[in-house]
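First the structure, then my questions, so here it is.
Residue numbering begins at 1 within each chain, and the chains themselves are lettered A, B, C and D in the order written.
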């Protein structure tokens, strides 16, 4: 079970305000699928403009990234760069 | 420095495009021309907010030499939803209205029509013949005013998202976002010291010296060739394909050399217009913005309001951190309020945090990214408030930050827990710097501030081609703004074990290499660097297999060392090492050309932290600030080319100094920009500045083979607060609004000295 | 539109061109003569990217009419290198990373040459004030100033 | 687009005839640093451009009756390189040399700065303080007028049709005289004066101020000659009381506006600050002469 952390706003919108959830899954995609089963609509929302940090390492457009059973999986707004 | 670990990485080689750029040979956006090209020009709204009742182009179209006149109606309507264009999430309904107004003009300078003519002067004359019937509406510029209930509303379809219950009437507040960690109320309840203040920043422009420019050639069969000065030619392709209903394969975009971007050249303004004009005329169309157009109509960054409240214990431990950030998005939603909120407290390990953000539209050009988008705005508030706290506690400002510094294992308020980061190391480097150890000169004062940026990875493609003489071409797809060709070539030479001079990096067009995300987010040396390293690894695998064929041994009997194939052990048999040149010379016999390639969505970009120190003097009579000494320390991972890393720190710091002291968009009562030029939009000049000292703290990023962290954006985050903090410590006056320009600072100083003010 | 015939000398070459009255020297260099090394950053004399030398004086070519070039000696960035050899300033700018994007570089080089031609031993302050009319947004000026000081020192040797 | 004519006459008479014949659409081109910017922005659309830089009298600096005659079209750099002029009128030369960047100084002229009639022109307050007169030639011949009487308001002059400002006459200086010009700008270079102030004064052997003139720019529609400030200085040893009185006179003379470059409050305050600082510099220099 990975420890999933949702943005406050997403938690309020989809998960009755609860920000932390234990979710099974070996990849980000599997985690998102499980979340969507629990909170219908959340999966689709997480597909757009959302990045995911697995154990503190930010991934953009991650789908197949591996998630360890004890991983922290935090969903956060995607970051666009300002450039040099 | 970790340079000694490597032969090439960490050395200061001449950039591959150096000679072109010091001789005037390098071709930038406006330097491209085609036979028979037309000149394209844009007619812009003189009003900040107006309904466009009608546009009469007949007189302009009749003018001899005018080949086409277009308006918003010449572009297909777009759905009101976010979708990706060149991997960027954008609302195309808004983008198509930003490149050419439809129902309304939403800011001074908003394009309303465009012409293509045989000469510049005829094009200008034609613009004067276009009759636009405007119904002028009340306008709103500032974020505070735009959020008021009775403010003029820009978009009737805009209802604030992220609030419950859903609003029933439209407003200028596009969205509300919130981030929480712990319970901020509990933190304040136990806090022994509290500081609270409201800070503002003025909108500022990226200020790249090269105006936007493009050259479009659309053929009758629908194929388009485009030259554009951009940070991302693949994004230009993506935007243009969506906005003009063209297939990406039909558009070939070549990125010209680019004269600065800083985030402002990640979107499109002229490109779709030039293509449409070229389609209509069957001729190439060149468009170049004037400096005035750049200021009035290309993406500046937000002005904003930051409400900050910090609760701490007497020993300096911060127990509660609260801030609300409201940012101007310009005429359409999409300010960098997200990153502004996420970066606000990212430097600090605080138990209870609440951050609320508002994305607010107003009658200004749609903001574009600007170096660490949003972060400098929240940092101005947070880092100023921290200094006020340090003064209240009688604590050294670096000690206060050390006491609360984020480190590995710190859980951020936006979700993730930090992996390996270098904030503590950077604070210590600043604390132990010659600058900080030197006593402040009499009449001067010293300020300190910190800054954070995530840095990003994202999509990159690269290829490595071996020539018949064994030299190597490295092909990638990111415009080189600050020396990235050099850093990519250094990593390629290091990986391949050959001389830097044997590796030639080129930036390919959209048809000649796979997709690459923008040059931005401090990603190129990290992400495209990773793609280049992987392409070279892929090449080495091929080189080993060719050597194996030549020696008639198994592939695993061959190793690659110092740029040569060697037998893995003596029992492989006696074989003279094969150099790249030798293998290349026999390529035909062993299977043909030898190339490597790689494509990836780079993950694990390491965040960067900066700490800046400034000594300055305030002229008590005039409010003029003189910067005497400046040091920028930053966690840079590994400095691949130290000179260009230092350059990023120095350039970012000076942009921040401009933001702090003089740069601002000034609007008149009619909502027209009053200072659309370099004379009155006051960017720092050489005589305003001292040398900018740099300290490169190298905490390698575990997510990159050479430990690269992005370095370009962090340096613009700390300067404003560092300068404000120095002013507060020197004069006792805490400035809360940017810029701290002479009239504004003088007024504040006089207010603190009633007698002087009475003069 | 009647055009003006101008005979001038550009980088040592006798040159003739036709221009309209309102065409600036920068327009003429870039559009009529294909010398695009001089850049237009503002068109109002505020950025220095179009700096050239006319009869020994450094000026903004965006604030000079093409017609005024009649009989003048014009020097541009394209004339700085001699054959295969870069000017010491050009070489030093590359070696010391005194450019990032490079758009302001031609103007800085021409202005720096004009400075060293009249003052081979400038102080840092003199260099900073001499180059105050050249905007650079990338470098923070630090490496540019160092490069000019270095070249001055070497040329004095 | 209207065809713009260009002429570069070698004599003043030709230039005057050309300007007189251009029925108001003629524009003088000296350094062009204002004219070309205004043409680009559409503020000016001349029918004829008269380049006066081939006219010797307008492009030379000559010593005359112990003073100097400065051609209206000489560049700031030319003035800067004229050692004697710099020695006698350091403030005037400083002021001319503050017009724009080094690039601009290679072109911009005191005549253009005066005739552009911007209240913020840097050279004008120094010329006013210096008591400079201008020589004007027109269809009706030549006339002389004090420099402060050329500008009529922002962008407007008192010049008649066909009249051209030919040169500036800077008078001879008694011993113990000098001048100074200071301006306030937000940056160290490349800005238009928020306030500009020129002081010219003469001190006797005891250090008492026997003559003074003060020119004040960017605080009113035209550059001001502040006689009350001069009165406050004359007869004093430039002590704090006299300086404060002169500063007060300068503040009193201000009729500024709020704009992108400064506020009424700020400009008024700075006028006083600059008077004190410029007077101190001028006095220090005067002691040396």
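General observations
Heads up, the rule we're going with is that contacts are C-beta pairs under 8 Å (C-beta built on N, C-alpha and C of every residue); 3 or more make two chains touch, one makes a residue touch a chain.
Quick caveat: nothing in here was measured; it's all calculated off a predicted structure.
For the pairs B-C and C-D, the count of C-beta pairs in contact is higher at B-C. Taking each chain's centre as the average of its CA atoms, chain A and chain C sit 54 Å apart. Work out the mean CA point of chain C and of chain D, and you get 29 Å between them.
The distance from the centre of chain A to the centre of chain D, each centre being the mean of the chain's C-alpha atoms, comes to 68 Å. Looking at chain C, one finds that residues 1, 20, 22, 43-44, 46, 100, 129, 132-134 touch two or more other chains.
Shared interface positions of chain B, defined as residues touching 2 or more other chains, are 121, 261-262, 481-482, 678-679, 684-685, 687.
Within chain D, the positions touching two or more other chains are listed as 1, 188-190. Interface note: chains touch in the pairs A-B, B-C, B-D, C-D. Per the touch definition, chain C reaches chain B in the complex via residues 1, 20, 22, 30, 35-44, 46-47, 49, 76-78, 80-81, 86, 90, 93-97, 99-106, 109, 125, 127-129, 131-146. Of all residues in chain A, those touching chain B in their complex are 5-9, 12-13, 19, 48-49, 53, 55-62, 65, 72, 74-84. If you check the complex, the residues on chain B that touch chain A are 82, 87-89, 162, 164, 176-180, 231, 261-266, 336, 338-339, 342, 369-373, 414-419, 454-459, 481-482, 518-524, 601, 603-605, 648, 703, 712-713.
The touching residues of chain D, when paired with chain C in their complex, are 1, 3-6, 8, 29, 31-33, 36-37, 39-40, 49, 51, 53, 75, 77, 100-104, 106-107, 188-190. The touching residues of chain C, counted against chain D in their complex, run 1-2, 4, 20-22, 24, 43-46, 48, 51, 54, 57-60, 62-65, 67-68, 70, 111, 114, 129-130, 132-134.
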